[in-house]
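Paired with chain B in one complex and with chain C in the other, chain A is shared by the two complexes that follow.
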Partner chain A sequence: MFANLTIRQKQIAWAWAFLALPVLFYGVIRFYPTGNAILISFQDWNLLGSRTWAGWENYAKLWNDPVFWKVFVNTFEYLLIGTPLSLLISFVIAYHLDKVRFMHGFLRMLYFLPFMTSAVAMAWVWRWFYQPVPSGLFNKLLASVGIPQIEFLNSTTNALPAVLAPAIWAGLGFQIIIFMAGLRAIPTTYYEAARVDGVGWWTQLTQITIPLLRPTIVFIVVFSSIGFLRIFDHVFNMTTNNPGGPLDSTKPLVLMIYQTAFTSFDMGYAAAQTVVLFLILLIVSLAQLWILRSD
Partner chain B sequence: MTTKARMAALAAGTAIWAAGASAQQVEIEYWQYFFDARVDAMEQLIASFEEANPDITVTMTTFPYADYRTKVAAAIPAGEGPDVVQLFYGWLNDYIEAGLIQPLPADAFPADRIDADFFPMVQAMKVDGEYWALPTAVRSLALFYNERLFEAAGIDGPPETLDELVEVAAQLTERDGAGNITQVGLTAGMTAQDHHWFREVLVRQFGGQPYADETAREVAYDSDAGRQALEFYVGLTEGEDAVSSIGFMDEPQAAFKAGRAGMHIDGSFRIGSLADTRGLNWGVAELPAGPDGTRSNYSSYWVNAITTKAEGERYDAAVKFMEYVTSDEAMQVWLDVVGELPAKPSVGMTDENANDPVYGPFIRGLEYANTTQFVNESAQREQMVQMVERITLEGQSVADSLTQAAQGEQAILDEANATN
Partner chain C sequence: MADIAIADLIKRYGETQVLHGIDLDIRDGEFVVLVGPSGCGKSTTLRMIAGLEEISGGTVSIGGRVVNDLEPKDRDIAMVFQNYAIYPHMTVRKNIGFGLRAARMPRADKERRIDEVAALLDMTALLDRKPSQLSGGQRQRVAIGRAMVRDPAVFLFDEPLSNLDAQLRTQMRLEIKKLHQRVGSTIVFVTHDQVEAMTLADRIVIMKDGHIQQVGTPDEVYRSPANTFVARFIGAPSMNLLDGASLPPGTVPRASDGAVLVGIRPDDLHPVTDAPLVEGRVTVREPLGPDTLIYVDTPSGEVVAKADARTPPAVGATVRLGAAAQDLHVFDAASGAALRVA
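Up next is the complex of A and B:
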């Protein structure tokens, strides 16, 4: 039967044969649970009993939940502080590291190391750094020079930046490596031509380097935005006693989903939050791709 | 007879013998979450039980705590799960609602006898006059104190009343030159056990009730007594004469373990980890009495129940097993191996147990202990945590913050009532 097919049909048949495994994989591991989650978001389910139909109830509850709006704002704070700041720092470091010849590999390794470290271990170490006296490193240093204590984590205003700092630091190594690869990919002939024309470093940076890094920047912005929108490990581990506290000031959406699902066992409500997170991720990613599109 | 025929006869004989044995042999499955000492204790209990009942085999399966509830929920409806299951007392209603467990038979577990035999807070397991689950062991709160720091400060013994508690704590508090606390008299933090201390102990000691009745579906602590209790609690950590600091050394038990806290209120489950701490000399006392001498305590526990999967001879075996794990003998094993307190006065209040220097104060506390019937313990705890945070971080008044917490918790209870 196979022999009777045209070459084109055979090609299609083979293509599907090779695609079968990934299609099956995505269907079972990705799309089926995604569809199921959307279905659960319209139901009430506490894991133990049967699922009952709830209609838009979970979404209405979400709309009227003050904690959700607090968490919504927090999530965007992580994104809007985290992404530009990490982009700027990693570019500055990569730009200069690219010019350094002395111990280049070692320095690059130092910057990359935090990326390979477990987020949980890192969060706990930073959590201890932030403690008040007598156990916290930062406050101990402040106390030793006579500066009043700073409440890092036990404060509704300082806690979010304090949690975000190690998260930015952890992601830096990866972004630096990507930036350096982008910098290396720019042909040196452009710079040579610029030098022949007597152009300064600032003009080189703004007219040659940054425009040619555009694809790299798009990649890093999208990638790190998704990362900050999904921030969880750092927040959860630095505030385990009171997850997302104090007074929900550090709680991101993913942590709220986790708590709703696995401490309150309100699966329908958690699924509704997940759908909202999915939509936010989708919109933010599409918007960034559209804004930073290369034309 | 040929060899072949002899073999066939032998095989047939074996088969008949095996069939006979399997008809008598009942196998039941027991599930609990994984915790070293609990698994050890249960293995001992199963061994003694199987010795007394040679026709019953008990297989124990354990799961990590985090997965436990999900596994049970998935397995029982599929007919795969345990015949006897361990669950947290606060989950009982969910399990009954979902049809995962069945009531204990009234002939083996008559309600009036259990009312009389067990410590009173176990009555929370009685729904519509029937017991659905029973504990082997229970936990309660007590005051841990650092003997070395007491000696250094010249204090004779642990405080008996709340006034003495504050007085002793003040003597144990140390500050650096800038006024930062470097050693607390008493640890504090609603994230640990203090939310139980506040609800079931302080509110009652100032003359109030945490909830309108024992089903705990209506918040009642937004009262004068509640305000006094909260003022007392917040007063420990606020102002010039604070004897405690929330978040001091990250966690209360860490501060106590590190020898930087004079006193610490915690559950009996902490005994094990403190006993292993080198260089720490500690003692235990009953929780301090209230202004009018009222004593109270909070107790929580894990219970065992028979699932709806157990039927026929497996059901009978499960009942026998339940009888054994709630026996006096099993409770003594559990106390010796796990360090959790016996659920019956007949075992707990023996001279040896009630006067034990470590377990004694916890066991004596059981006589006047109350249990909160949580619908969602972590969400209800969060209300207590945020109640204190609003006062300490945002400067809200005690009365307003208490009212807001009471409304928040009532909303959680109402939602649970609506779905159940």
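Up next is the complex of A and C:
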């Protein structure tokens, strides 16, 4: 039967044969749960009992929940501080690391190491750094130069940046590698031509390097934004005794979803929050792609 | 406007020496082409004149001033790169104007200068385009425009035509030559293509393995090559080199005691009826239009000769080949150096 097909039909048959596994995987592991989550967001369900139709009730509850709005603001704080800061730091490091020949591979490995480290282990080490004297590293350093103690994780203002710091640090390695690949892809003759023309390094950076890195920057911005919008493990592990920090000051949306689902067993409400997170991710990513589109 | 003086120029990369003491004087307004096979050091020499490579030894002077320790921007040079190095995200106007960014002159003057250069290169209509909307030849012209806009004393070209197809290359070659005649600046041009070198240069510098083999006008290097390398590198097809001992006694002027090689250009070697230099069987014919090249298997090895296109010998036929006595080039077999025939 196969032998009677035209070349075009055979190509299609083979294409679908190869695609079958990923299509099946995506259908069962991705699309079915996604659709189910959207369905559950319109229902009430405690994981064991039967599902009952609730309509827009979960969404109305979310709209009127002050914790949700606090969490919403926190999530965007992670995004709006984390993304630009990590972008800037990783670019500065990559830009200079690219010029360093001495122990280049070793230095690159050092920067990449945190990316490979377990977020749980990292969070606990940082948590220890943040402790008061005599155990906390940062406070001990401050004390040694006579600066008063800082409450890192127990303050409503300091907790969020304190949790964000290791999250940024953890992602740097990856962003540096991507930036360095982008920098390497720029032909050296562009810089040589600029040198012959007498153009200074700042002009080279702003007129040649950064414009030509645009695709790299778009990728990193979108990628790291999604990461910060979904931040969870650092927050959860650094504030285990009081997940979400003092007065929910560090609680991101994903942590709220987790607690609603697996502490309160309110699946419908958690699903509604998940749908909102999905929409936020979608809108933010599309907006970034649109803003950073090439002309 | 400036002359260039290169004295005992040396380049080392760690232990490896790639340039072994080059001496070269380039006159003001002269068009000099550095030519040689890859790895001969021609691009390195150019980049050292530009200031993009550090000088390991010797001096480079431009306009009477030693520039060894000057930044490229302070050498009053402009360079055109093999891949053009024009910025894909800038318009043609911005690309050409980029050469003027560092120049301290009023904005209106800069704009006027860009327009002048664009007009000279016939690119006025393309000023607002991006490089991706240009053809290879047009991109090449943008690169030349960016160099011209600064009105430098010296233009440096690093294999600028090698990314173009054959037809465009011939056309751009002509344009560069016209440009030189109009602008009159000193030009140093690097290429691996001997035809480019012959057609463009006032003087050709032939290099090999970091040494200069010969410096001379196109006519000089063609008519009296300094050694067998130059003899075979310049001219296409390459000069035939025959063992002097294999030729009929008396044909080789006795110029030295040792063994000699006799060089004959295919253009000078023709089928003859009497007094042949070599004799052999035709293996391949290549009709070129006006003439036909014939490849002939002889006891001294394969030689290439030129036959009349209307009556070329057949493949497999035996031919006798001869050349005029003044067209024979004699080289020392051991050193390869040309021997002056008394």
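One rule holds for everything that comes next: the second predicted complex is superposed on the first by the 292 of 295 C-alpha atoms of A that agree within 3 Å, B and C clash if a C-alpha of one lies under 4 Å from a C-alpha of the other, contacts with A are read in each partner's own complex, and residues count from 1 in each chain.
Note that in this section a contact is a pair of C-beta atoms (placed from the backbone, for glycine too) under 8 Å apart; a residue touches a chain by one contact, two chains touch by 3 or more.
All values reported here derive from a predicted model rather than from experimental measurement.
In the superposition on chain A, A:Leu212 makes contact with chain C only, while chain B stays out of contact range. Touch criterion met: A:Thr189 reaches chain C, while chain B stays clear of it.
Of the two partner chains placed by the overlay, neither chain B nor chain C lies in contact with A:Pro66.
In the superposition on chain A, A:Gly55 makes contact with neither chain B nor chain C. Among chain B and chain C, the chain that touches a larger number of residues in chain A is B. Residue contacts after overlaying the shared chain place A:Val133 against chain B, while chain C stays out of touching range. In the superposition on chain A, A:Asp197 contacts chain C only, with no contact to chain B. Touch criterion not met for A:Gly105: it reaches neither chain B nor chain C. Considering their complex, residues 50-52, 71-74, 77-79, 81-83, 85, 87-90, 98-99, 101-103, 146, 150 of chain C touch chain A. Those residues of chain A whose C-beta lies close enough to touch chain B in the complex are 44, 46-49, 127-128, 131-135, 143, 146, 148-149, 153-156, 241-242, 245-248, 259, 262-265.
In the complex of the two chains, the chain A residues touching chain C come out as 187, 189-190, 192-200, 203, 207-208, 211-212, 214.
Within the complex formed with chain A, the chain B residues making contact are 66, 69-70, 73, 94-95, 97-100, 176, 178, 180-183, 189, 191-192, 245-251, 258, 260, 376, 378-379, 382, 385-386, 389-390, 393-394, 419.
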